[in-house]
Amino acid sequence: MKRNNLTLWLAAIPVYAFLYIPLIVVIVYSFNDSRLNAEWVGFTLDWYYKLFNNGEMLLAARNSLIIAITASLLATVLGTMAGLAIHRYRLKVLPVLAFTPIAMPEILLGVSLLLFFLQVLNLTLGMVSIIIAHTTFCIGFVAIIVRARLQGMDDSIFEAARDLGATPWQTFRLITLPLIMPAVAAGALMSFTLSIDDFVITFFTKGVGEPILPIQIYTMIKISVTPEVNAISTLLMLLTLVLIILANRLDAGALRGE
Amino acid sequence: MALLELRDVTRRFGDFTAVDRVNLSIEAGELFTLLGPSGCGKTTLLRMIAGFDVPDSGQILLDGQDIANTPPEKRPIHTVFQSYALFPHMTVADNVAFPLKMSGKAPAEIKKRVEKALEEVQLSRFAHRFPHELSGGQRQRVAFARGLINRPRLLLMDEPLGALDAKLREDMQRELINLQKEVGITFVFVTHSQDEALALSQRIAVMNQGKVEQIGEPSVIYGYPANRFIADFIGKINLMTAQVTQISDNDMTLEIDQLGTTTLPLKRGVKAGDQGVMAIRPEQVSVHALTRHAELPPAHTGKVLDFLYVGDVTTYIVELDCGIRMEALLANSSPGRARFFEVGDPVIVSWTREAAQFLMD
Amino acid sequence: MNRLRLTRWLVSLPPTLFLLLFFVAPSLLMIVTSFRYPGEFGGLAPLSTPEMDLAEGGSGLYGLTLETYRFFFSDILYAEIFLKSFAIATATTLICLVMAYPVAMLIARSTKKYRNLMVLLVVLPFASNFLIRIYAWMIILGPESTFSHLINSILGVLGFEPVMLLFSPFAVLVGTVYVHLPFMILPLYTNLEKHDPVLLDAAQDLGANRWQRFWRVTWPQSLPGVFSGSALVFIPVLGMFAIPDILGGTGDILIGNLIKDQFLGTRDWPFGSTLSIMLTLAVLSVAGLATWFARSRAASGN
């Protein structure tokens, strides 16, 4: 079987390279002392300095953080409830509601929410609309992760707790919650990552007010490309790297659950 | 007053009636078993007693009070689940302490009682281990300790010995009986294993398709099954189609297919014309070598077709000359001697009048 | 029983209500909107107002209408764009499948220790911002980059004119493949991991060579994973707009770009909604087809 694996390795390595080389290029050029992303001139941290002095960018980062924290909190609470309910009561409707936003192209959700906020709710597009939008598609992710964890457990322990004198609330607090906590935490981290990185849905629901990080990056890419983009990209990559590794430590199956 | 009384308890799931007007009462301190094949309703009944399901009609009385609508955490009834349901994120000690914590006992008292409980099941060394570090038998003992620690009125057990291997099962059976004698708590088992039921119980309720077919002591259930289903379900039995032809004050006459006529002691409620089976347990069938005429009625002759040797006993399958096949169980009383008869040996088969029973469906 | 039923409602109601409000309602709204007239300054015309009555000197355009759908089906342009989107989606899916399969097989065959690491390595690029991944290709395919120079010198040697790699359908395709590759790798790997190696041994025992073993044993069993992965790639690519927007030229518009223009450019909301409905129908039919394939596969028994 070893010979078999050799051909596989030969075919797989280029794919892994394909996945990583572009990102490495971005990182490397963020330290490049040249305005053009063309050749290596020299090492510099200029672009990072420029970044930290860019008021608009910092504001965008702050806004994105606020949105991500709020949306992931909301999505985690609602998604955990959804995951629990779907598993325990074998619901038919809720899974469809929760999982369809994930399966559909993002643009459909973005556009329909745009219409909804402006037409029905008369809500000015801004931080609130983005938070709601992000929560909507993150609920499904959390629900999947929590449900997967529940499916791997012996269901009779919850009845056993009730049997031995625990009220439903005590059962939840002492038995259910501790046992699903890794999945809940992994779900929260995933939601945070998805929210910070989201572009399409944010694009439609942000309105004209506050700057948001991915949109800032988009504007920079379209209008004036400087290695500042590389710098912010590198920093963002670092952040998501840490978050994903953390999520993986907590619940390794979470990523495969998709 | 009985400890637990079920009156006309019924539970339906759509068109399917899982429990059909069940009536039974369980005395304090008893070892009671609900026995029946899969789907007979015994688990549904157990869940209703524990509180995880509510009967559609009927009453469940504990010490005279109807608890049918009381939630499980408020009932002084605990359950040992088939999978033991130990809390995986808690140590053995914390698992056993759980019921005491739920009833709000002081930490000092909890500690003392947990220690004692673990001693009772010989698991003191494992107090700080986690369930996944224990063997199946050890986990079961933790489940028992946990279920008994705050002395519930009733302990329910769902197939408690099913997951254990044969030797362990026997040990646990003995331990269970001793435990019950010491602690004095009423036990209710649910099982489909008639061996377990016969070995452990003081009384058995045999269930089939939602109904209770018979309640009684093991020897009565085994020796005098109420109907064909029970006779067939519990232990092995020889069944021969028969019809009642005549009734008199003390006797009844049966016409048995292929075998002929026989007279048995009158069974209550039977009338002429009733169809059913004549039933005889294999161990009550005598088999002798055909060397001389026997004078035991009714005697029949035949040949040994096959046998099954299992160490302590041998089952002989005999084909009578009239065509009927019967099983006879003989103890291998002489060591080293595997069997008394060879295939093809001519034999006389007989049984006493009292051993045969007439059963209807 | 009230207790248990109460808990059930308490737990399932909040997420259900939230999703009904912020997912179902907007979707229904979009359907209704596609049947309305556009407003004079963008947005929507009111459903009913006498001011708009022709008799009063208004434009007469209010209420519900099928105008947008008529418009959609009248111009061949839209059919072309839909076809283009389908073409890119199909191409992306096939390329992803070919690239993903060896990686998925490798991960499935690795020992448990390495497996987690290898999966993580696949997921990490996915975790970085979507725009960053596209931007990276802007750099690599840009006319000034080393890669471009390399390709063009090769082409020069072969006697061809130098090509602009960026702002082309080629760039869009590279972008879509790059962004969606992990979505094909993960479901495939999850499926392949469950295969019983004994079957391969049995096939070898019966004389099958490596290619036959793959084609007759591994491939059929992996089909559910192939379908999942394909759906996870095809559907998002259908609705894509950022990649053509950044990596594509002016002629490389896909459905997503059209929709974006209608909502944020011309502000013709009804037409934008109509396009979105059409996209949704396309997505549903693809999903339906995939499910039907998967089911008939299961029925024919493999």
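Letters A, B and C name the chains as they come in the text, with residue numbers starting at 1 for each one.
In the analysis below, a contact is a pair of C-beta atoms (placed from the backbone, for glycine too) under 8 Å apart; a residue touches a chain by one contact, two chains touch by 3 or more.
For clarity, every value in this text was computed on a predicted model and none was experimentally measured.
Q: Which of the two pairs, A-B or A-C, is linked by more C-beta contacts?
A: A-C
Q: Using CA atom means as chain centres, which chain is nearest the centre of all the protein shown?
A: If one averages C-alpha positions chain by chain, the most central is A.
Q: Farthest chain from chain A, comparing Cα centres?
A: Looking at centroid distances, B is the chain farthest away.
Q: What's the distance between the Cα centroids of chain B and chain C, rounded to whole Å?
A: 60
Q: Return the distance between the CA-based centres of chain A and chain B, expressed in whole Å.
A: 57
Q: Cα centroid separation between chain A and chain C, in whole Å?
A: Averaging C-alpha atoms per chain gives centres 18 Å apart.
Q: Do you know which chain A residues sit against two or more other chains?
A: none
Q: What residues in chain B touch two or more of the other chains?
A: Residues 71 of chain B touch two or more partner chains.
Q: Going through chain C residue by residue, note those that touch at least 2 other chains and give them in order.
A: Within chain C, residues 3 contact more than one other chain.
Q: Would you mind writing out the residues of chain A in touch with chain B in their complex?
A: 153-154, 156-157, 159-167, 170, 175, 178-179
Q: Spell out the part of chain B that touches chain A in their complex, as residue ranges.
A: For chain B paired with chain A, touching residues are 50-52, 71-73, 77-79, 81-83, 85-89, 98-99, 102-103, 146-147, 150.
Q: Which of the residues in chain A come into contact with chain C in the complex?
A: 1, 4-5, 8-9, 11-12, 15-16, 18-23, 25-26, 29, 36-39, 78-79, 81-82, 84-85, 88-89, 91, 93-94, 97-98, 100-101, 103-109, 111-116, 118-120, 132-133, 135-136, 139, 143, 168, 193, 196-200, 203-204, 214, 217-218, 221-222, 225, 229, 233, 236-237, 240-241, 243-245, 248, 252, 255-256, 258
Q: Per the contact definition, I'd like the list of chain C residues that touch chain A in the complex.
A: Those in contact with chain A are residues 3, 7-8, 11-12, 14-16, 18-20, 22-27, 29-30, 33, 43-44, 99-100, 102-103, 105-106, 109, 116, 119-125, 127-140, 142, 144-146, 178, 181-182, 186, 189-190, 210, 231, 235-236, 238-242, 245-246, 256, 259-260, 263-264, 269, 272-273, 276, 279-280, 283, 287.
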